[in-house]
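What follows is a single structure, and I will ask about it in a moment.
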Amino acid sequence: MKQALTGNEAAAIAAKLARVKVISAYPITPQTAVVERLAEFVANGELDAEFIKVESEHSALSACIGAAATGTRTFTATSSQGLMLMSEMLFVASGLRLPIVMANANRSLSAPLSIWCDQQDSMAVRDSGWVQLYCENNQEVLDSVLQAYRVAEELLLPVMVCFDGFILSHTAEPVDIPGQAEVDEFLPPYKLPNPLDPCRPVTMGPVGVPECYEEFRCMLQEATRASKEKLIEVGRAFWKHFRRRYGLIERYRSNDADVLLLTMGSLGSSAKDIVDSYRKRGEKVGLVRVRSFRPFPVKELIDALGSAKAVSVLEKDVSPGSAGALFLDTAAAFINVKRAPLMLDFICGLGGRDVSSLHIREAVRAATRAAEIGEVRKAVRWLGLREKLVGLRI
Amino acid sequence: MKLTPGAVITEPGSTTRYQTNGWRTFRPAVDSGKCTGCGLCWLYCPDAVISRGKPPGVDYRYCKGCGICANECPAKAITMVPEERG
Amino acid sequence: MVARVMSGNEVVAYGVKLSRAEIVPSYPITPQTTIVEQIAEFIANGEMRAELMRVESEYAAMGACIGASLMGARTFTATSSQGLAFMHELTHWAAGSRLPIVMAVVNRAMAPPWNIWADQQDVLSQRDTGWLSLFCETNQEVLDTCIQAFRISEDREVLLPVMFSLDGFMLSHTSEPVELPKQGDVDGFLPESRRPPLLDVDHPTTLFNVPVPEQYMEFRHWIEKSMDAARRVIPKADREFKRRFGRGYRGMLEPYWLEGAEVALLTAGSVCGTVRDVVESLRKRGEKVGMIKLRSFRPFPSEELRRACEGLRVLGVADRACSFGMGGIIFSDVSAALQPLNVRVLGFIAGLGGRDITHRDIWRMFKRCIRAIEVTPARAIEWFV
Amino acid sequence: MKSWRGPPVPVAARPSVGSSGRTSSWRIQKPVVNLKRCTRCRMCWIFCPDVAISFTKRGPAINHDYCKGCGICANECPAKAITMEAL
Amino acid sequence: MREELVEEELFAPGHRACAGCGATLAVRLALKALGKNVIVANATGCVEVISTPYPETAWRVPWIHAAFENAAAVASGVEAALKSLGRRGVKVVAIAGDGGTADIGLQALSGAVERGHDFIYICYDNEAYMNTGIQRSSATPFGAWTTTTPVGRVKRGKDRPKKDVPAIIAAHGAPYVATASVAYPIDLIKKLRKAAATEGPTYIHIHCPCPPGWRFDSDKMIEVARLAVLSGAWILYEIKNGRLNVTIKPPKRRPVSDYLKMQGRFKHLTDAEIAEIQRTVDERCRHLGVG
């Protein structure tokens, strides 16, 4: 049945529908409402689960690791500073191959302290071996959490479902909530091959001497690569059950486009409006939205972007001293491709800065100009910077 | 050796495959005459190589020669003798 | 100059002593521990006037560094893998607060499975923090980079913390002959840090307050500007160091034997020494190969890399880390920098968790690059297991 | 590009009254002091969280730019000399 | 009394601990007391590293290691999972060293105890970071040499007293807190059995001498541990619901110098420094009612 839900509520309801058994989370803006709603579900008996109100995010993920290893479906949620505090444990969760699902309300990183949205937090932990899905709207948040459990538990890989803080987490949108029976059919019960059990003692997290360490990391890389096919397969299964289609990327009017926008998260919706307005004026502009940033959809992006002349990457993160993470990996995907489009990187929307239609149009114009002159003079640019404040010409 | 995902070890107690006897320079020698069967040597052994009984058995495959049993034996029935290499 | 045979960790301790670090918050973690143990010896014997803070965790170590540095003290710490990941939230904070801190990262693999040996996963995963990130090939370079790091970090146009990496055990616990400069010369190169304390009872200030969205992005942009400034400051400091001590490392990136080379291998850390040997032996057999030693990973020397790769057909990138779900970490940065050129780039992931990268491995990498001149490889990124 | 001068200090603000804006618009009720009843005991001054009460010879003076109308002074005044009234 | 001791060994030989290691004896005795139905959450440290070189493991019970600072947090996750699975009769045991308990892992331990999880936390206290090579921890005793508190002209060993972790945990209102020593195995096993029988968070702090770390010959490991108790440097007591009682009272307390003299880490101490240590030990013994 349809209901107006914020992103946080969508994540909480998805966790309830997935019949999670252990929740271990710590409050942090803007994710806190996920934790609060789950606490209400447990208190009202709507959800039969143990809720560990841990004393820090580092312990939040540690408790999830303990619970998942003991054979229960676990859930946690966090944002920015919390995600950074638990970043050591992100590597441990993926290394131990534990299928933990986490909702991450994207929030920018301090210092200076900022509670508003950008994607620097989840981008900063892109190496940790977690599958990372970025959602455009609250329906996708709910659906992605459900799909995340199937992908995680069939591949033994933790999954992070990211959605923009405040823009999605605190904005109510109509969301179709599937019935419990349908979800039970889509999502089989949790089963771990070697759980912690006195009847069959196992040792988890041993010392990996150099003779076998690299092989384990290679297995983890293969698993993350295999999660591409698994995401597509689970997306198809989801379509059969709930009639909503999800893949690694979303292509919006991009087949014949000369200029393409490439972005992630809720920025996709605003970019679609701009694409429509350009299309009305007959200009071949399109959009590709990356939903799965890890595993990085190399083949899919080559197919989607290959035909364009120029691509403008719009991303809400930056790796200081280099460029944006989406731009870096997309460039890596195209490095040996003969006919690669020109690429421009636009850092925008940091710390909650609004990315207005004017900014997106500026990105499209820059890409069109680059396509005309056939080269990119300045690959990395910043959109929406208030020069007065910084006191210098850009 | 087949690697398990997440490096899970499914055979408990498998360090017994690795014998630590090469570590010692002294080994405990038990004088069964003096031994009273009190079991303190069994209790205090950090590597659990001594079995209870009068006199106690020593599993020389794993004994590291730390000498605690000899030092703690109330009847002075255990002495540390140099390990002769074969 | 006093020449002595010293391990990498010992060299770092001498570098910190010569640089007159004042506050050294420290927490033990293999393989970094002997740095702080050596510093403890210096202090205990009165050879070094500094405060060694024995904090309770790496998270507290970076917190103490932030406190010390904002009071104007020259601050140093050292850590490895799990410790660096545990303080990850505060490494972001230290860079965002524009606090000069120098950290030695003795590279070690990330667990699990638990592993204390060397690879570069820990430091490369810190690439978004805003810290400058330098790599060293030899123990001599470790000493020189440690001293240069303080000068770069405290440069008024940079004012960003610097982490320099040395390979665990391969450098940290391996002794090499090292020339120790005299204290007087180092004082000439590295003047006493006279930054005013930012918290002062006479001039009460609120630090790091909360900027609303209308102000936040500009602070981030300032960091980007400082990184651009660092692209000038790092080579300048290196040149100045060469003028005073006769040893220089070509700034951010060292091209090696690229004259007439069609294929080159880019890598960082102690493995560069092995690559130099292989380049020499291949050159003797007429192969047109060369090497590019990456010294500065952040800021990433895109300009210098493009200039160095002008004539190349294929560039191999040997990553000792992996961004799971994608591939090599340095590989992505190199690909973005070489976009305008049509140089083919191959990525190799090797040497994880202490696995040696042998002459044979590097020889095989060069062979794949040479074959890739004609045939585009099926997979851009390959694992050397 | 001209060599760029880095920021001397990171994000910082010098303390100044009202540096974060006047908070008077927050209140829906305001304290009124009946000086005749006031015993000059200063409890209102001590307990005011927003430093909006200063003490003069004639007794407490409310700084209406920053008073948020929380009502603690009225509630704590032993002589019931302060009453909260609608705006 | 003797039959209480179980034959079965749940910590296999062949582990890579140094000869005469106090910590492994503590773990061996603890598992003897608790039996098979336990799940162990171990923090990084000597016991973790020496017992699980892949593909071998010394543990004959389910065991998980995640990181250094979260043994108690992982344990609370395991306990919550068991409760949600409705599994009865399985005790969750967190095991960590003194660094992993008193320093880097104190926050996770405090959180888990405050939340009242039903688990036992065992700290094997070898009084320094032995796994990384004998660096000072907050549990290192006053005056002791370590590699980060060397003895030099200006500084001489650790200049701060040992952190009293049992008191901190008791202050959380934990139902059962006890100190133990490898030299008194029966007392240790009794206390662990009491902890196992107690519902809620329990804490056992075991004193474990470390031959390479404290600089003494391996065969003297038990003797050093015993002398710590006989001299009052280590006091064996239990705190049940806030009430403390000393379980082993030495008939006539030995001078603390007998204990200190056996260990190389104290050999630099002057008579004045030993007298100072004696004074603090006497005061603490008077405070706890030990003769």
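Order as written gives the chain letters A, B, C, D and E; numbering starts at 1 within each chain.
Methods note: a contact is a pair of C-beta atoms (placed from the backbone, for glycine too) under 8 Å apart; a residue touches a chain by one contact, two chains touch by 3 or more.
A quick note: this is a predicted structure, and the numbers were derived from the prediction, not measured.
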Hop count on the shortest chain-contact route linking chain D and chain E comes to 2
Under the touch definition above, the chains in contact with both chain B and chain C are A, E
Most heavily contacting pair of chains is A-C
Maximum distance between Cα centroids and chain B occurs for chain D
Dist(centroid_CA(chain C), centroid_CA(chain D)) in Å evaluates to 51
Chain-centre distance (mean CA atoms) for chain B and chain D, in whole Å, is 76
When centres are defined as mean Cα positions, the distance from chain A to chain C in whole Å is 29
Residues of chain A that touch two or more other chains sit at 58, 88, 92, 95-96, 111-112, 200-209, 212, 215-216, 392
Check: chain D positions touching at least 2 other chains come out as 4, 10-11
In chain E, the residues touching two or more other chains are 48-49, 52-55, 57, 59-61, 65, 67, 69
As the complex stands, chain B meets chain E at residues 1, 7, 9, 11-20, 23-24, 39, 43-49, 52, 59, 62, 64-68, 70-72, 80
Seen from chain C, its contact residues with chain A in the complex are 59, 82, 85-86, 88-89, 92-93, 95-97, 109-115, 117, 121, 124-125, 127-130, 132-133, 208-225, 227, 230, 298-300, 302, 321-327, 329, 331-333, 335-336, 338-340, 344-347, 349, 352-355, 376-377, 380, 383, 385
Chain E residues touching chain C in their complex are 44, 48-49, 52, 54, 65, 67-69, 102-104, 106, 129, 131-133, 135-136, 138, 147-156
Per the touch rule above, chain E residues touching chain B in the complex are 2, 5, 7, 9, 11-22, 24-25, 28-29, 51-61, 182, 185, 211, 217-223
Chain A contacts chain B in the complex at 95-98, 156, 193-194, 200-206, 208, 212, 215-216, 219, 223
